[in-house]
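What follows is a group of structures, each given as structure tokens.
Below, chain A partners chain B and then partners chain C, in two separate complexes.
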Partner chain A sequence: MNKKAQSDISHEFIIWIPRIIVLVLAAGFVIFLVNIPITKNFEIDKLQQDILRQRFVYNENCLAYKDENNVYPGIIDKLKFNQLNLDNCFKANDRVGVNLNLITNDVKTINLNKNVAEKLNFCFDTKHFACTNYTYYILFKDDKSLERGLLNIAMVKLK
Partner chain B sequence: MHKKGDSPLETQLIWAFYIILAIVAYFIISDITSERSFFEDFIVRETGLSIDALHNSPGKTNVYYSNLQDINVKIKENFIEVSSLTKNIPKIYSFTRDKTLTELDYNFNIINNSTLKISKEKNIYLELKNE
Partner chain C sequence: MKKGESAITFVFSLIFIVATITIFYALFSLSSLSNSEFRINQINLADIQINLVNYLRTPLQNNENIADLIVSSYYNDDYKKLQEVSGEIFNMVYDKERCPLWNIKGELDDKKFFEYESKFDVRTYTLSPNPRNFIRLFTDKYILPQEHSLDLIFPDNKKAKITLEEGCIHE
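Entry: the complex of A and B
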């Protein structure tokens, strides 16, 4: 290849650089405009977390107390408050983490999907994290007695 | 008249490229903003949230979605995918599994007006009924 041909190619390349930049900017602007209404219409993170949170209290496989015949939503079986049981009943994807605190005479804490659950301190960043925090006033079954307590469920989801 | 150094062929190629790009952009945008795409996005989240909610139910519960047509609904592990029968770009929702229940594995091609039934008894089941 001679020197003139090489010069032509580099000249062509330089001409195309601003064209490509303008093209990318224009495409990005159009995608941004299109995405604004779509993203706003389908903001379901809070609703999803409200639904998921209730699983711990209402589902017999999670924490709800069950005798021979009936499930009692709102009554917590203290024996079910362990890592293995909660990992089984709440198998979320890698973007959801949960921090549960059962507050009775003492405080028991369990983290589900620990890597994400530990990011609760970053919840101020609403652009990247969707978080909810709710405390249930519950009754819990301990041996044969029924006692009062609190169940705090903090949930974090990476957007 | 063309600029110095630009051959007519080159100019034509650039314009052809721009036109093709505009056509592709038009189809992408019309697909994203179409009612159909909106519906698929809605139905995947709606059914996904229903499955999440049914996990909470301590008793027997049924949820029905009627008048569904021309979509493919696929559920595997903890993912639900809804796509049009003609275009294969699925909308995806990830629900939260209860590992003590049987794993969901369904693939429905919904052609005519049909009803999708999601029910919870001991496990969660899906069933497609033609109307």
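Entry: the complex of A and C
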């Protein structure tokens, strides 16, 4: 290889250095832009809890009242509000704890996955816990009549 | 073209491409943000639906329920009891700490014939989770209003739309 050819190759190489730097910067900038809003706008933990929570009031195996033919979402069968039935109905995973309060003439409380449910007091720590809390206006069967009540469901998930 | 000019052209081309991508990206993110919120909110509507259905079928005296009361209030043009019962129920369900906004209204042929709501101070909260909302600089709390409607058929086959709106605090 003659000297002129060597000089041309090294000259080309030097010209390409700023091009590569600008290319890397541009690619990094685009990746940065794409990533920020996507990570900010998906709260999968809370979405999961919303779906799990609705199971309690919509599912006949949980709390929804059922007569001979129909299931009535939102109408609660008080007899189903017990630890055994709710443990069977809620088999999500060990990382989700639930605190249910049935408020009628008195207040009944049930915790599911007690070890996790006890962490509800630490919901301020959003780095380690994802929490939701919702109160349903429910009706419940008492003998033959419908009575008013509230069902508060607080959930906590370990991140 | 000289080599120096070629390098400058290349750099300016890249800057142009990045600017173009940024503009398209901004348009894309604005539209996709609202789409994703829309889909996620649909799940929460199942919660409001329970509250609205139970409100309408809440039993009152004489084997009547609130749906019947709405009908009789409309024909008698007397909404006093409806207002009283609605306030009693929704103030009990939506406490001011977590869900300070509730609104229940009835519409017939796009005209409201009753509407009751909580005492809600809009200045305390932002009404959008959009991180670009500049009010979020002053508070992390925002309220996500969601509503659900059901049709109520009157005896003379008029169709009223009953809508419940709730706004709970998100952080």
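We take it that the second predicted complex is superposed on the first by the 116 of 159 C-alpha atoms of A that agree within 3 Å, B and C clash if a C-alpha of one lies under 4 Å from a C-alpha of the other, contacts with A are read in each partner's own complex, and residues count from 1 in each chain.
Keep this in mind: a residue touches a chain if its C-beta (ideal position, glycine included) is under 8 Å from a C-beta of that chain, and two chains touch if they have at least 3 such contacts.
Computed from a predicted model, the values in this text were never measured in an experiment.
J.: Taking the superposition as given, does A:L47 touch the first partner, chain B, the second, chain C, both, or neither?
T.: It touches chain B and chain C both.
J.: Regarding the shared-chain residue A:Y136, is it in contact with chain B (first), chain C (second), both, or neither?
T.: Only chain C; A:Y136 stays clear of chain B.
J.: Would you sort A:V34 into first (chain B), second (chain C), both or neither based on which partner it touches?
T.: both
J.: Could you look at A:P73 and tell me whether it touches chain B, chain C, both or neither (first, second, both, neither)?
T.: both
J.: Once chain A of both complexes is superposed, is A:H11 in touch with chain B (first), chain C (second), both, or neither?
T.: In the superposition, A:H11 contacts both chain B and chain C.
J.: Who touches more of chain A, chain B or chain C?
T.: C
J.: Kindly classify A:F81 by the partners it touches after superposition: chain B alone (first), chain C alone (second), both, or neither?
T.: neither
J.: Quick check on the superposed pair: does A:Y58 touch chain B, chain C, both, or neither? Answer first, second, both or neither.
T.: both
J.: Classify the contacts of A:K91 with the two partner chains as first (chain B alone), second (chain C alone), both, or neither.
T.: first
J.: Applying the document's definition of touch, where does A:S145 land relative to chain B and chain C: first, second, both, or neither?
T.: After superposing on A, A:S145 lies in contact with chain C but is clear of chain B.
J.: State which residues of chain A lie in both footprints, the one left by chain B and the one left by chain C.
T.: Shared contact residues on chain A (touching chain B in one complex, chain C in the other): 11, 23, 30, 34, 42, 47, 51, 54, 58, 73.
J.: Mind listing the chain B positions that touch chain A in their complex?
T.: 5, 21, 25, 29, 32-33, 38, 41-42, 45, 49, 52-53, 55-59, 78, 94, 96-101
J.: Show which residues of chain A lie in contact with chain C when the two form their complex.
T.: Within the complex, chain A contacts chain C at residues 11, 15, 18-19, 22-23, 26, 29-30, 33-34, 37, 40-43, 47, 50-51, 53-54, 57-58, 73-75, 126, 133-139, 145-148, 150.
J.: In the complex of these two chains, what residues of chain A are touching chain B?
T.: By the definition above, chain A touches chain B via 11, 23, 27, 30, 34, 38, 42, 44, 47-48, 51-52, 54-55, 58-62, 64, 71, 73, 87-93, 95-96.
J.: Along chain C, where are the residues that touch chain A in the complex?
T.: Chain C residues touching chain A: 3, 6-7, 10-11, 14-15, 17-18, 21-22, 25, 29, 33, 36-37, 40, 43-44, 46-47, 50-51, 53-55, 57-59, 89-90, 92-95, 98-99, 131, 168, 171.
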